[in-house]
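The same subunit A turns up in both complexes below, where it pairs with subunit B and then with subunit C.
And then the complex of A and B:
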């Protein structure tokens, strides 16, 4: 790579100065103008042409989609596509069954699995030691024991199997894609567009097409999980391979290596650490999707959570919810530690290898003995039953009810304040205006914030939403998303700036945020539902809780990234702290703020849709209904597509907003290019 | 004897449809004008030269002069736009991928400014990398690599990882890696620019020593004139991708081709570079001819003591013939007054 070809060239002496685009007035002035006009028009036209479609009604389009679904299902024995997908599903089910018989379920005629719980725990612990350290081994040991002691042994192992299968297939599919995307510019462009699209799609929406082609149960669950888990691996691994310094590639190329030697001896080993980080992200994404897949009858811990959520039974969802968190933390810590260890070993650290080898061999033998014993003794094969699970569940229930008694008034007040002061007016404006008024309003705002490019995308997306006959529901969902995102950004600004300015706060809060990001979104619903009851407000709050960690971290890192020299220069002019924050730090971190907003919108959207399960209504409910009732499938599919269109629209407007002002420099755009995966980013 | 390396009208133009420019009047435009007109950037512009076997050939220029591009063109790490390169009679420009790999494996090695070492491999395996990609068995390549590690003075560091070494030592690893394949030619791309001055001087001396011991042909890229003068048998000066001058160090200093080169060499202590050839004159009538005799290739500085000690002017000899004389005053003019010869 020659510097002359790529480096930005300074202005040649004598050339005219570069044209600076007039940044003009703030974009908020015309935005407020648009909203004012909108309110005026609304007050004359409210309630007309809102295109509301009551609960169980559907339009011709929805019926057509349902018929399409029925025809496809009817043709499953003749249609080649369906035959392929169904046989994939069958293979996945067979593999799952086999693993389950090995690890978690009686392998008839044996009354117990091939390997009893003691053997499973021993092997898992040994693997933890082998790939990471004895600390991780201990963590795994405790986690596995907790699965059994709290009475969810089989569900936990089931969830691990589904996650493991999905991750395994993800690696097989994802690594070649990552290599392709890292080594070919054209492939990279195509793959990036597809991944962007996949990551804009809320988790729940995947389930609609997956159910159609792969059916409910294990097959559908593994496929949905794997589709959701592929993007982070491809993105991060290809980023890692691309980051290998050009000099190293050149130096080794000049030794006359082949393409394969370059890939396997230089690029992949040097990107190893990043690839394992990608694996970490992929594993957590898989776990989070595998719990959600319980909605399509996927096996695992998600099931008891789902059943309890639907019955609004806090105690019942508490224990499996906590176990999901335990599993997430275990997987996260293990893969992270494995990544750190592999790096250390690769650079000559990692302690005395000989001692380690001996310990590994000895503990391996111990693990094998444990496996053998677990095949002989019934009590070592079948996890003994304890009452502690039920006790904890009851205790959690009573603790929650006294907590609700304690803060119920406050929570209710908060709910009412937000509902009446913010949510309801906004909902009226968006959903009770005639459709063309809200449509024009949104278009105008898209143009103000994102310029022509966002305007075009928004036009296409809104036209799609209109065509899918769920305009009113879409506006309700959009309201929830916008309200949720505003709350997220308030939190992110306050905490983010605070963290950036005070190291102690950062040290205190960051671990909580990290932990928050590893928790599957499903789990967030549990406490929020107990506090606020089944309503759209629950979905919004869960969305805020789900989105906040990523947004806060992005803001904190953005503000922290402002160069200390600039801040010093500002201070030397005698600015106040408030001036420093508002005139230096926040404007310079604008790219991060926009990115945080973008992520906030997509996270909240994803959660609000899941909120359809707990009474949030609107598009999420349409999807839920569509998955569970075949006569509603068409409407559910239309809702799914509408959600995707909303996601794309919000994503494109915020991206364009990051781009629109040239004085932002390439920062924001770069931020989007290395955009962290949706699902818990690091 | 045939040239070790011969380059003929080599061009590299970056940008779209760059191959359409050569041969048109546009090719004669200056770099800035061409950029403005077509959006293409000239990296290397119609460069031809030859390097003799065993020669140290220094390519020198400021950043952006195209020297790093040029050295990459030689083994087609960058594809040339047009022109031919032949290495020991092998036509590089038309070589297939497999032939090219073979050339890189056995004939030419390169040392890079930022080392380009593999952080996940020990020193010994970094050095052996070129042998490894050729498919030489582990034992054999490690033995060979150990020899080379000794040669560059890294005994005892075989099992270290690159991160554990200082910059100078890392570049020794880079040097060892280049030598391990026993190539006929070494290419150096500003290898010592990233090192601090003392280490740089050590490494320069190391290169001089290795050249004396191994006699490899070397093409050495640098932006540092002192380095060029110290190492080079001949120096080629590039500017905006085109050759400004090719000559021995004393030629470049004594007879700069244009103001650009003159500006370059103006800070050079001339007495350290020029030979008597550049300061001698015809004997004046009646001048004494019994002064000491020195060969014409003597560096001026080294002749100073003799000139001061003797009343008669020094006789400058080319073999057995006297080609001129030099007296104290002539030398003073160069050493102290830094005058043009």
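And then the complex of A and C:
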């Protein structure tokens, strides 16, 4: 709490602050002061120098960026960098194409892939048994069958291939980086900054440069997925390697081992479990990004989802969306179980080895027979068609329309209340103040909440935003993000506390949160759009749905982590439930609350781009415009960078407020920017 | 260590067995179909090969693309790859061979400058009109046109501006702009005609349709950028507001536009290299032409009846083989 402890003491008269609450309360007083001054200045200066730029206009800077893009594009046959990236892309395409012809699509002139569905299912199930357990094998079996039964066999396999390729390359790139970052402080510092940048950048934003260098389709999709999937592995694996006890290393060093021996025989094996946790995170990240990559013609289940969005067809997006969730759960449980099993085996457990080996051999032969049969029989090669997919999709459609009819009026009122009562006034203050007024206001708040370091970062970020000529749009976006985060935190506090206090609620809600974390945002964009129409509020709601699960889980876990003795002590003095929550549990879980706010801000921010598709305007619209129209490429790129700057700024302010070291891993203090694992409550 | 070696040996053995099994020749019905496919490929007069069809994100486009694609696949034996892409990205794909055809182009002077022979790198070329006529303009839902007929003249819009206000429009009337990829000058038109409106971009076709549909159902005030051919017009007959008529050159400078949008003859664009190839699909794309009504029928199959684009196209092709035959000559 170094930064916060120096903040002014509380001035509230008569407030009897318990020790923990003290530093939290104090910061709000100067903050409110700053806001009050800001409002006064605003009332005299509003509308001047807001730096607003109409939606379809751009500045010279943007034109320069556009020209840069054009030059690169024109030189794509001669530019050495582009030649390298293009050939990487070509290799990725060839590998994908080969795998696809093996597993997913007809390898002409064969009418079917080399290995039919039965063979694929059998091999996958066998692998599940080999690396984990028969339960996992069963889960994989059911998941794979559901891909086919619901009519998305090829898309599912495509998505698995893209995810698999990205994860494979991630390991090749990520593990050396993790080792480097774990063994060298300088490297760690540099790598952390780069990873921060990669993770703060909303996924949509890097589609623009990725397409430029790696083209559309598989190449671009794998690279975009890679960018998103590398950071969790590097962070978590290097954390794991660093956490290997120094005594162990000294003991083995004294035996005269080489650097290589130490790394491969001691550090990596001992960090194995943590590394697999990193792999789990990476896989889930890759899956979610591979879905979004459908925007640049990345193959997989994202395509039907996106097509359904174009046709405004909720049912059509619902089924593939749910299959993505199924796939995520499958991959999550499998990697988790594999890590647990490897741990057990390393400790000499894992059941009777001989029996297991026999079962593995026998089931392996069965799998191979299945492969053989799937090469012979058309019905075993081509997944039979069922109508259940269409039935479910129709049911989802009618459920949605009756839901929209039911709550439509209420939703409109709610939207207007938030928009007129909260969003518009806040937007006026941020975006209609002269740019230097909002800039100073934000700086002052950054100083109040985050101290000097946050102040410096914020200064740099705001200068960048100003330079990129999209100040007004940035302020509009910032407003939406802040309003969205407030809503996220309201939800997180209510549901999180409830979950923490009642295990049944926790068990009931958590699967929904898991689904909310993994289902592609495009799916719920459709009903949200039907409810609220094209507006900023629609984008905010989509952001809230996207961000809330992580925040709720963080709050729930934080509150649950409060030591029972503290609570007992309070109860013995006869405090009410309300007092217990507000005076003990929430203040004690403050770290988690700040962390949840941080995650909420970043998640909402990353959805803001998608908000550009549903009438939210501002930076999201600029990015989509840049992807869509080549003469506005520069504006889109500038908007993307602006979003990154906003993200870094918000991240640093909240981090400084929480004063959490930024390079810590998934241990007791959870790393920032790591996707929360899905699964049952701990 | 012993365990590890055993596991390695086991995996190795499995790999060998797997290779043997895989190399074993497939038989039965699969083999028969393989042979049939080979024969068909040998018989067909010319090779079609692969056809990479860009699919831009609006339903009308899907209709055009999948009808041509279905004909190419079923009647010419092509392997058709549909690629869901925005317009700009599609054009970039001509040079790399990732895209062969853009079947419905609404006019992109900037892209033509970059990719056509002459000023650009010559990777793309014009394949002629595809029959649809694009009409872009400002539209209001039918109930509004009925109750306030004078709203169909732009001069009267200011009178009603306050009715169009929403939470998004900051006190002015809201004008609903469209998907970012479309050609649009609405902000300039609003300001140059001194209209008391603010352009709020819907962001996507789906968002606009949702807004118009709700407006007609609940008699809400909405005015926005809209176009034809568009299947939704069959469900809700959007009414066009007259702006100062289009004259040659009045939209050349984006900042000073104060006139209506021109009618656009929609074109087919193809990759130059592909167009010069001997693929039989080149002729199909060259000859393809249909009407706005044709497209609306297929688009409505997709969007209103929820058919997959493939099924919708196949249905239309079956019902209109005579038109298709003309493309195949």
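Keep this in mind: the second predicted complex is superposed on the first by the 554 of 682 C-alpha atoms of A that agree within 3 Å, B and C clash if a C-alpha of one lies under 4 Å from a C-alpha of the other, contacts with A are read in each partner's own complex, and residues count from 1 in each chain.
Throughout what follows, contacts are C-beta pairs under 8 Å (C-beta built on N, C-alpha and C of every residue); 3 or more make two chains touch, one makes a residue touch a chain.
Every value quoted in this text rests on a predicted model; they were computed, and no experiment measured them.
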Three-chain arrangement built on subunit A, subunit B and subunit C clash or fit: fit
Partner chain(s) touched by A:261 [first = subunit B, second = subunit C, both, neither]: first
Subunit B versus subunit C as contact partner of A:86, first or second or both or neither: second
First (subunit B), second (subunit C), both or neither touched by A:355: neither
In the superposition, subunit B vs subunit C on subunit A residues touched: C
Per-pair minimum CA distance [subunit C against subunit B, superposed on A] in Å: 8
Subunit A contact footprint on subunit C (complex, rising order): 3, 10, 14, 17-18, 21-22, 24, 26-30, 33-35, 37-38, 41, 57-59, 62, 79, 83-89, 91-93, 95-96, 98, 110-111, 114, 121, 166-168, 170, 176-177, 179-181, 184-185, 187-188, 199-211, 214, 254-255, 302-303, 306, 309
For the subunit A and subunit B complex, residues of the former touching the latter: 2-5, 12, 245, 247-258, 261, 265-266, 269-270, 272, 346-348
Contact footprint of subunit C on subunit A as seen in their complex: 54-57, 70, 73-74, 76-77, 86, 108-112, 114-115, 211, 215-217, 294, 296-297, 303, 306-307, 309-313, 315-316, 353, 357, 360-361, 364-365, 368, 371-372, 375-378, 381, 393-394, 397, 415-416, 419-420, 423-424, 526, 529-530, 533-537, 611-617, 620-621, 624-625, 627-632
Subunit A-facing residues of subunit B, complex: 14-15, 32, 41, 43, 63-64, 66, 68-69, 72, 75, 77-78, 100-106, 108-110, 112-120, 122, 129-130, 132-134, 159-161, 163-164, 174, 177, 181, 187
